[in-house]
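Both complexes shown next keep subunit A, but they swap its partner, so subunit B is in the first and subunit C is in the second.
Here is the complex of A and B:
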């Protein structure tokens, strides 16, 4: 990892960590107040209200891990923190995506959903982890860089 | 002692007595307005309960609770009526058992009042749970079914269980007459001529003074219902065909209040717009998901090939 890449990683994961922290704080407030839906962002916990506070704790941890990893980002232990934060996002977002996939196939009163119903089940709003998911994939680039450096 | 042949006079008197008894039993059956002998059971329906707080204790009132209360009150009224006719307890029990067999107490009036109260409370309190003492109803419908339903909700009726605080129930008929004695006996005086304006209840949130009027829409009550009701219930001049027709209409009105949505039953209630499913948004996300998973698959395969 060159200096330029390290600098970019530091700035990028600082922003991502701050966003994750903000989302976590919002979810924590939402879980205390019964949840909210704002545009395409869903913190209502409608599908699983008991998981909402856990999601908030996970997001806050993600934010802390990203932010604590930015100092001396090229160092492998620091990078591991960012990797761990990304994995946490992947697990929660993966669960949310899997829930959508599983519920999109059966219809309400039939074995299989209609095409319209199938596509509509992927419509917004989405949980914060699903918004963070594509941005967290940047860590894969750094993992590969680290692997190359090892060779 | 003579045996075998009965005197003709005695036979005639016995037959006459039996006919009179049968007629009197039939007339008792008709006088209990809340019930429609021979009416079919209502269809399957789903009505949410009315949730109120009574001195801080949350209470759920279902239409079945209201029906049972109405049934019990009508049985009591019938019992008193029969006692005045010098019937024995055994005879009274038999008549009541026969007349109320299969009756749920869920009639057009009790179901109308229940739906009106449910709608009014949700309009005035929204998601809040109203305190019983904060609820006031002004009813224009002087029937036992509607009155006893509202008495049950406000806790103002005799024998309503677990009442700590009371709401308010006022009966003001469409012509402005205020009825203060809400006993079944007294209500019967006002049930002679009724029309659509009697299918009206005003719900009031006493603490704020806000009120909501529930008026049944024209068309919910079938044409000729009021005339038939008068013939069957009041004048008792209806032919068996007319009684049968009234029974069918009675069932239709009751079933409408149990199964139809508010905007089809009441004036001024707008049908909520059905949200169109966001197919485009879903399709965009699904495409991104498929492309993302495809890229992930390609990437992992390339890594494997490189490793080999």
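Here is the complex of A and C:
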């Protein structure tokens, strides 16, 4: 990766790391206080309260991983930390999406859900990891750059 | 060609062999500085405790989350409960000869339950407890999906190369209880089914380690089937149940390690690189493990339903409940009706939790009693299939040792849970 890409990566993942840390802290507080829903952001742990502190720990780790990767970002071991942080977001957000898919298919009284019920399952609020998911995908560009360099 | 000529001269002396190795190496190996790739760097991150533990937490979150939604939300609650409770049970209740109160009907379809002194039909397959209702609902309605979900993720983690890294991470902790990192493999396998878990203890080096592992698996590791049913019945208690079992696993393992003579040697672990899993391989593993599981589980569940049903019909269950009642009530703090799930648990633990589900539906137990009973069911005895395998894998001294440990453990740990409940004012 060139110098500009490295600089961009440093700034971008510093911001993303700080946001992940803030979300993690919010989820940790939420898990102690029984959870909250704020607009389209959901930290209620309504589906399973056990998952809330678990998610908070993962998000805090994601934040630390991103922040610790920005120094000498182009170095492969540093980049690997940002990759790992993104993978952790993909796991948690992927499971949040999977939860919605699993609950959207069967209906309440009928075998399968109605179209309205199906679509309603994907409506907000969303957990913090789902908000971080699209932003974490930027790492794919850096992975491809690194793969090119390895060749 | 030169190498081939040397090989023809076999048998070689030790020096000649080393010469041959050197010649092959010169021709085949390139020497130079190795530049770490991104894959290498990620592989390193997942074995270092500081970075590896948070990753392991995320992986286990994914594992558990997938398991709950695949088995619970999508298949069991989404479709199977409807099939069995809304169609299969009412259909059987309408067409099976005999009707409520008839012994054959009670054994095969629905034993019913008393409400204000009147025998009423069951409205779900957990309560009905017939061979054709609960006996089929437990393995096909609940357990099959739980086992499928578990083995799917397990095969993926195995093939991607993550399990050896998890073994490295937990190595230090497991050394405290006389085991080493690879003990995570039988432990994880047992979370699917205890039978392959006990077989997998062969990866451990010494008799002591195998004894410790088999005993701990038999007591503290619930199988996928049991977890599936527990998740369906008491999802809000799962965290507490697993925490209690984990404390027991480590605490009792530590004590056993101090008591049992023998060696727990250090090992060098080979950690392979990460690889892309193939669909064919995962599908094959999934098929082999799930089909084997069903072959073992289904006959035992059907037999269990029949035996428990017969014991209810002949009055043997009431007699046992009255004999064991004082012990259950005073020492463990659970109602005397718990004797039925404990008996069913010897055949299948999932079936036993299913019986417990029936008692919960009837409002026989408090929330804490449900928690205590579920933990007791986990720790009190391995299922018959595991029991038989323990007999095969251990010599008679070790087997008796495992049994003695089991008995002591059930009384000590079960009593402790009751005591904690009393101190907290919830028992």
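Note that the second predicted complex is superposed on the first by the 151 of 151 C-alpha atoms of A that agree within 3 Å, B and C clash if a C-alpha of one lies under 4 Å from a C-alpha of the other, contacts with A are read in each partner's own complex, and residues count from 1 in each chain.
Just so we're on the same page, contacts are C-beta pairs under 8 Å (C-beta built on N, C-alpha and C of every residue); 3 or more make two chains touch, one makes a residue touch a chain.
Here the structure is a predicted model, which is why all the values come from computation and not from measurement.
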item	value
Overlay on subunit A: subunit C relative to subunit B, clash or fit	fit
First, second, both or neither for A:143, with subunit B first and subunit C second	second
Touched partner set for A:123, first subunit B, second subunit C, both or neither	first
Touched subunit A residues, subunit B compared with subunit C	C
Partner chain in contact with A:97 - subunit B first, subunit C second, else both or neither	first
Smallest distance from any CA atom of subunit C to any CA atom of subunit B, in Å, after fitting	8
Subunit A positions touched by subunit B in one structure and by subunit C in the second	none
Footprint of subunit B on subunit A - complex, ascending	40, 97, 116-124, 126, 134
Of subunit C, residues touching subunit A in the complex	35-38, 40-42, 44-46, 51, 54-55, 57-59, 61-62, 65-66, 68-70, 73-74, 77-79, 82, 235-236, 238-239
Subunit A partner contacts - residues on subunit B that touch it in the complex	277-279, 281-283, 285-286, 289, 292
Interface residues, subunit A side, partner subunit C - complex	48-51, 54-55, 57-58, 61, 64-65, 76-77, 79-81, 83-84, 87-88, 91-92, 94-95, 98-99, 102-103, 105-106, 111, 143, 146-147, 150
